[in-house]
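Both of the next two complexes hold subunit A, though its partner changes from subunit B to subunit C.
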Partner chain A sequence: MSTQPRPGQNARLIVPRLVQPNEEFAVRLLIQHPMETGFRRDDSGKPIPANVIETINMEFEGETLFKGHVLNALTANPSITVMMSSKKSGSLRANWRDQDGNTGSISAEVKVVGA
Partner chain B sequence: MVLTAALAAPWWLPALDTFAQTSARPLDERVRTAKIERGGLSLDIPVVVETGTSVPVVLFADTSKLKEGVRVERLGILAPKNPRPVAMEIELGKWMAQARITTNIRLGASQSVIGVAQLSDGSYWQHAINVVLTGSACYDGT
Partner chain C sequence: MLAHSVRNTRVASVLFYVLFYVVTCPPSSAQSPSRPYATDQLRSGASFMAQHLQKQQADDDQNPAMLWVDSGRALFERDCKTCHTEARGLATKLPRVTIDSTTKKERVITLESQINTCRSTRVKTQGANASTPYALESEPLLSLASYLAFSSRGMTQEIAANITQTVSWQRARAMFFAVQGKLDFSCAACHDKIAGKRVRTQAISQGHGVGFPAYRIEWQTVGSLNRRLRACFFGMEADVPAASDPILPALELYLAWRASGLPIEAPALRR
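Moving on, here comes the complex of A and B:
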């Protein structure tokens, strides 16, 4: 099991290659994470401890795009899609932390035509 | 994390009170006077799902009819019959072009899934859809 990557290390942040100024576009964040609820049991009947992602912070140029505080019911390998728009190019960054203290982050560049 | 949300008079309490599906604590004055309406909120979720393991949901608050300067501060999804009733809660920043989140949630039972939006003028929008489930995501079927 030790060769398995820690949960929440593998992620994708999907943005369009190029957008127009002030165009609304979708930002999609996918995180590989079991989102263990704590209600399941393993083969020997022991409860599997809960471990879900507690917070997700997404920032564009250092300012908040969204903050997820409670993400109890997100599925395993959660995906969140939101709509954003910008006049200028910039970098998008997402951070997250789960109940076990595993953290992860990913960033992507938003390229706006002519800016 | 559920606890901290429940202790400080959570912003979504009005929604739970209206539907009276869970025994929420008595509301404090701040939320008791809150006005709740459908507003521009739309909750897009399948009405019948085979399994609660992954239910696609789109929560959208249409702000086009709002006064200038009023914005959506938070969006939340409540699943009152889940072991943890607050399915998700997201605070929106200024870069958001629309108050819209698209994601997948788990459901533990057939229930009314409630979408809630908190607006910066202190009002709340909510909308509920009854989702019928033929399997659960929260407990083993044994």
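Moving on, here comes the complex of A and C:
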């Protein structure tokens, strides 16, 4: 199917609209990825090559928030929730790479009241 | 004594078949056919799921199907905006019945087939696969279908009043009531008669298609109602029709008629 886009291009990074300084909140990352295990076969019986996400990194204003070498540990279309808090507003960035070398990234702004 | 008991079994078996027929046969279509559930008794598939899944479906930030909605929105903005200014309500017009202009035969148009018709007749995209219809269950097709269904969330499907007079509806109804497969099931035997009870650990739903295209956990991806229906035949251990079989769109139409009054909740989360 030539119309299938490359995996891992589509994602959502979800943060609350507004948080209090030092308030703990959840950051949710959702990535569209089939996470092929290599154990499945297509309709003609050929094995589908394995391709899962290898690394996921999340950082807030240059500071590492989450760093994971995940491989088979996640389901298809993985969702990762990380708790964080901050005194100041800033931008949150996530990027990931799968075994085929497809990379993706997404960013979101965290707004802290009065900062 | 022996003859007596033989006669008794014969009487019993005749009685059994009469009862069986009464229980399983579809109501005669000569009268105006009635829906199995009154509008206030309709319950979507979500209400038969576990609490945590219901919560996950209700929260768009946790529903993985929203990823498909996102890419579908981008495709809609790129390809469909020239004709359709508003996406809301487009999905409520489907499925519907049309008469093919060349063969003079009835055809059921589903959301997916309408997208492909639009694509091959109106959409002018550049590149290698310009104006070619999307493959069934391909990601762009599911994305667009998810976005359109999502845009019509909360609305009900428009079903023509004379739909029960169409050949497609009647074929689909016969299929719905037909006992088939190794397990001697019919769709109606479970979804009309004993919804809410369990088959092993699974709660039997009323069998409405309003959540589709849906993210099915078993598939780990979004799939169309067409794929779900094929999975139904597989589950009944009956002959699974090909994806292009016209009975599947007809069944989609029948399900839409059966569920009329139930709001669209796609893209839903399903087991």
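Just so it is clear, the second predicted complex is superposed on the first by the 114 of 115 C-alpha atoms of A that agree within 3 Å, B and C clash if a C-alpha of one lies under 4 Å from a C-alpha of the other, contacts with A are read in each partner's own complex, and residues count from 1 in each chain.
Just so it is clear, contacts are C-beta pairs under 8 Å (C-beta built on N, C-alpha and C of every residue); 3 or more make two chains touch, one makes a residue touch a chain.
Computed from a predicted structure; not experimentally measured.
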Joint occupancy of subunit A by subunit B and subunit C, clash or fit: fit
When both partners are placed on the shared chain, which of subunit B and subunit C touches more of subunit A: B
Subunit B versus subunit C as contact partner of A:Ser107, first or second or both or neither: neither
Inter-centroid angle subunit B-subunit A-subunit C after superposition on A [Cα, multiple of 10°]: 100
Contacts of A:Leu30 with subunit B and subunit C, given as first, second, both or neither: second
Touching partner for A:Ser79 - first (subunit B), second (subunit C), both, neither: both
Partner chain(s) touched by A:Thr64 [first = subunit B, second = subunit C, both, neither]: first
Which of subunit B and subunit C A:Ser91 touches, first, second, both or neither: neither
Touched partner set for A:Arg12, first subunit B, second subunit C, both or neither: second
Minimum C-alpha spacing, chains overlaid - subunit B and subunit C, in Å: 6
Common interface residues of subunit A - those touching subunit B in one complex and subunit C in the other: 75-76, 79
Interfacial residue positions of subunit C with respect to subunit A in the complex: 61-62, 64, 66-68, 70-71, 128-129, 134-135, 138-141, 215, 220-221
Subunit B to subunit A touching residues, read off their complex: 1-2, 5, 53-54, 76-77, 79, 82-84, 86-98, 100-107, 137-140
Interfacial residue positions of subunit A with respect to subunit B in the complex: 24-26, 37, 39-41, 54, 58-60, 63-76, 78-86, 99
Subunit A to subunit C touching residues, read off their complex: 1-5, 10-12, 14, 28, 30, 32, 34-35, 75-77, 79
